[in-house]
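Structures follow.
Shared chain: chain A. Partners: chain B in the first complex, chain C in the second.
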Partner chain A sequence: MSNLFDLLVAGLATGAIYALVAVGFTLLWQTSQTINFAQGEFVMLPAFLMLAAMHVGAPLWLAIILGILLSMILLGLAFKLLLVDPMMRHGVLPLAIATMALAIGIKEAVKQFFSAEASPFPSIVPTGDISILGHAVSLQSIGVLVVAILAVVGLTTLLNRTSLGHQMQAAAQNPTVARIIGVPVERMILLTFLINAFLVALASLLITPIYLAKFSSGEVLGQAAFIAAIVGGFNQVRGAIAGGLLIGVLDNLAASYVSTQYRAAVPLIFLIVVILFRPQGLLGRAEERTL
Partner chain B sequence: MKSTLLAGALLAFATATSAYAQAIKLADVAELSGGGATVGTNWKNGIDLAIEEINAKGGVLGRKLEVTHADSQSNPGVARAQVQKALDAEPYVLLGPGYSGSVKVTAPLAAEAGITQIMGGEAAELTQAGNKFLFRTSFGQQSSMPKVAKYIHDDMKAKSVAVVWVNNDFGRGGRDVVVKELDRLGSKVVADLSTEAGQADFAADVGKIKAANPDAVFVYLNEEESARILKELKRQGVTAPLMGETTLIGQKVIELAGDAANGARGHVGLTTDAPVDLIKGFRDRFSKKYNYVPDHNGLKGYLAVYMVKATTEKMGKVDSKAFADTLHGLTIKAADEPGILMDVTFDQNGDIDRQSFLVEVVEGKQVVKQVLPKVK
Partner chain C sequence: MSGFGTPLKIALGLAVIAALIIVPMNFNRYGLFILSQWAVMTIAAMGLNLTLGYAGQVSLAQGAFVGIGAYAAAIMTTHGWPLPAAIVVAIALSFVVGWVLGYPALRVQHHYLAFVTLAFSTLAFLVFRNESWLTGGIYGISNIPRPHIFGLATNKPLPFYYVCLGSLAIVSLAVWWLIRSPWGRAFMALRENPLRAQSLGIDTRRYTLMAFAIGSALGGVAGALYAPLTQYIDPVPFNLSLSLDLLMMVIVGGAGFYFGPFLGAMIAVLLPEWLRFTEGYYLMLYAVAVMLLLIWSPTGILGILDRTMAARRTKAASALRAVAKSRMETVQ
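After this line comes the complex of A and B, so read on.
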């Protein structure tokens, strides 16, 4: 049984990171119908930006701040202005394909300018254990969970409790009416891109100490988060969170109780079942758009 | 005046061509770019250093050695094309490649041409296909794993062992031998865990190890995955001693895993940290020439050339057809040929028997704890 407890904690910690990335998927889809297939690479890149900052002599805290800011400029602002806006006019599918191209571009660029080999990445949480209910739980897992939960709570408070959040909701639900009542829709959409960039940078900071910084590490993450978003409900932030946690736990349980070879298949099978029997996702509502 | 010049030029040309004809031509195909660039570059530099030393002392049987280097781009397909090209030039001996996958596809070409191939691959199967022209420069798994199993059983006194391996040719080959040997010695394998190449998350695997509560854990993964599992083992507080091979305690793993690598032990066939004077000398000369400390691939390249020298001198002639027959069963002693660094014996399959080392990571450094003797 102690094994099950460990698996649940580890799964929740990984799942919390998937959730952060999945929430970003949902945000972009809601406000601008962007399916970002480069989302995994968006998680991989900030770690390298932080490493580059450390390489030129910045201490860890400064590198983290610089990394997050640079991510918001590159993966938020520049991504929207240079790729999403011009491609959007051609429809959802060309845009989705353009993000696939972007994913390849980012991967190859990191490989070219940094290294094809993995690099170590410092952890912001100290190593060590604390005892919970008689089980040793690693501080790293707890740190990841706490940071991810704080980020999600912060985001939902912003969306549901503040005027800015309400304007974002309005811009997502009905842009035309939102414009009529004076909501700066374009600015709200840009804001969601910046929030997405912030979330992926945070996810990068949390996952890279465990997975190591490598050009290809976004592939697994992007796929897991995409599945999480669909399973939870692509049109609900809370769906993406639930989906992320669920996929994280499922993945760990599958690796332990089914087999490591088939661990990647189990979330996919789950995805198919969800699509067949509840296409709007576990928490999603059909034909509804809300943040 | 004109005729003197012409005669001089002719003479110079004649001398040059005769020196050319006399040189012994070797061909090297190695991973000079791509994923294996570190492997191939070390291997190539080792070869160049050995050739420079040998030529400075008058060559082999009075003839200079020459080598051409070709890049396999760490790709078996390219390696095959490059080896074919190299064989067309009829070299005395073919050196490389370093990757087992590339060796596997090129060995039949060299065998068909009747040219001896001295390579860096370590997969067990390479020397089990009955190829009479293929020789290793380092241990194959069938030589190293019995030493590993013996150490786990005799020195670690482990009655129960968890075995974690990567599910590819390399991992499966090593796992099969070590599990068989552990079983023979009486250490029980309580967890037999296969993992995937490139796997990022080892929480579930380490959870299983923890549940099995073994006396020792044998880890047989590639470098990056080794680093990830070391971190996860530390994260989940697994305290059982860890044993592996070069891939568990290599410099890259130590860099990636940081503190988590401390205490991990590994069996190493070749290391430049070995407490052997001849190896220390090699390390110094190599570092002086190339400005960096070589890894075991630098040693392998160096040894390959000295294998050519020792075998040729044993034959007393440069005969590429008789080369492989001579090297089979040959023991080369470091006392007779210092370039071979340690006494070595080649068996009928081209496998190697040599002393090896037990290395432990202590505060981020590899420390040689024990010298393990030759098997026979």
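After this line comes the complex of A and C, so read on.
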């Protein structure tokens, strides 16, 4: 049982990171019909921005702030203005393909300008274990969970409790009517892109100390986030959170109970089953917004 | 592509075919390899163009079918079977698996379908990597023989390039015929308006599965040629990136245009080679080029051509109308 408990905690910690990435992914889909195939690379890049800032002499806290700000400028503002805006009216597929090209571009740029090797990344949480109910739990897992939960609670409060959040939801659900009643739809869409950039930067900060900073690490992460988003429900923020946690736990359980060779297959098969029998996702609503 | 006169089009086509046969004769080994790769990838992209461009079904699994075809050919030819037999098996296998993969398309569409096929693609990769008794696992299969065609050995790069080019010609003709047949029209009806297609008596269920199966079968053909081309295969080339690359080829060339895959594969295979002088930057430049192209023309390169032609036709037509109108006025 001790083993199972450890697996669950580790799974929830990874899952919380997947959830952050998946939430950003669904936000972009809801407000601008962007399927961001570069989402994994979006998580990979901020760690390198922070490493670069530290390389030129910034202390860790400053590097983190700079990294998050730069991510919001590059992955939020620039991504929206330079790629999404010119392509949004052309439909879902060309934009999705363009983000695939963007993923290649980011990966190659990091490989070229930083390093093709994996670099260690300092942890913001002290390493070590503490004892909970007689189990040794790593502080890192707890730190990741706490930060991720804070971020998710902050986001849902923003979306559900504030006027700004209601405007964002209106812009996502029915842009035409939202515009009529005076919601600045364009600004709301931009805001979701900035939020997505913030979330991926946060995810980057949490996951890179565990898996190292490497140019190719976005592939696995991106796929985990897609699966989480779809399994949970593509049109729901809470669906993406549930999906992320579920995939994280499933991933960790599969790693120890299924052969290591087919570990990666478990979430994929789960994904196929969910899409075939409950395409709206476990928590999703059946109806989908139409443009 | 309309807008040229028909004789001009035929002359242009013949010139391109002649160039593809004659020009590579004094290419070096590497140049011939790249050109053969172009031919093979064009076949795979044509298959995806049928599924996506004509029938409107998004698939992120074409790379997996190239893998299935490649492994079928590699396993059979290293056990002494001739390549044509292996190609037949590759086609049959990809067709059946493609048919089965089509079933989710009956239930879900668009991005959901994209993700089902994406998951399939990764699952296929895991099978290639893990079932070492069959596929050699991460060590792959080496010493894949090249075929004898009509008693001629094709071990050298130039003869094998002609094998690839010949196969491309056969596939091109078959696809040309297919999209002009009632089936091709049914595929397009499926893409444009599935509901209306159904109300007109088209069995949308069967044609959706067919679109997947035929497109996948062409992926299998490409794979069956890829194995003897590289003479060594391991799972890495058939991962998700290949499926994404093939999708990019189709969209960049122009989805739903007959010549789209030819151009798309040319850009995906040749452009990185031309940019090789930029050393580490070439994939980055390629990525930027693809994004700029899609911003400029989301319907791909042939979309630009198509719009230009359409604009010219409209201009010509309105000029004709103006002339006709002024004549009418002079008559009156």
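Side notes on the structure shown:
One rule holds for everything that comes next: the second predicted complex is superposed on the first by the 287 of 291 C-alpha atoms of A that agree within 3 Å, B and C clash if a C-alpha of one lies under 4 Å from a C-alpha of the other, contacts with A are read in each partner's own complex, and residues count from 1 in each chain.
Convention: contacts are C-beta pairs under 8 Å (C-beta built on N, C-alpha and C of every residue); 3 or more make two chains touch, one makes a residue touch a chain.
Since we're looking at a predicted model, the values are computed, not measured.
Of the two partner chains placed around the shared chain by superposition, chain B is the only one that A:Ser141 touches, whereas chain C remains out of contact.
In the superposition on chain A, A:Ala101 contacts chain C only, with no contact to chain B. In the superposition on chain A, A:Val185 makes contact with neither chain B nor chain C.
Touch criterion met: A:Gly11 reaches chain B, while chain C stays clear of it.
In the superposition on chain A, A:Ala109 contacts chain C only, with no contact to chain B.
Looking at the shared chain after the overlay, A:Met50 reaches neither chain B nor chain C. After overlaying the two complexes on the shared chain, residue contacts for A:Ser216 are found with chain B alone; chain C is out of touch. By the touch criterion stated above, A:Glu117 is placed in contact with chain B alone, chain C being left untouched. When the shared chain is aligned, chain C comes close enough to touch A:Leu83, but chain B does not. In the superposition on chain A, the residues of chain A contacted by chain B and by chain C overlap at 261. Against chain A, in their complex, chain C makes its touches with residues 58, 104, 107-108, 110-112, 114-116, 118-120, 122-123, 126, 129-130, 240, 244, 247-248, 251-252, 255, 280-281, 283-284, 286-288, 290-291, 294-295, 298-299. Here chain B touches chain A in the complex through residues 35, 167, 193-196, 198-201, 203-205, 207-208, 210-211, 224, 227-228, 231-232, 234-237, 252, 255-260, going by the rule given at the top. Contact residues of chain A toward chain C in the complex are 35, 37, 83, 86-87, 90-98, 100-102, 104-105, 108-109, 111-112, 219, 223, 226-227, 230, 234, 261-262, 264-265, 268-269, 271-272, 275-276, 279. On the chain A side of its complex with chain B, the touching residues are 2-3, 6-7, 10-11, 14, 116-120, 127, 129, 136, 138, 140-141, 209-212, 214, 216-217, 220, 251-253, 255-256, 259-261, 263.
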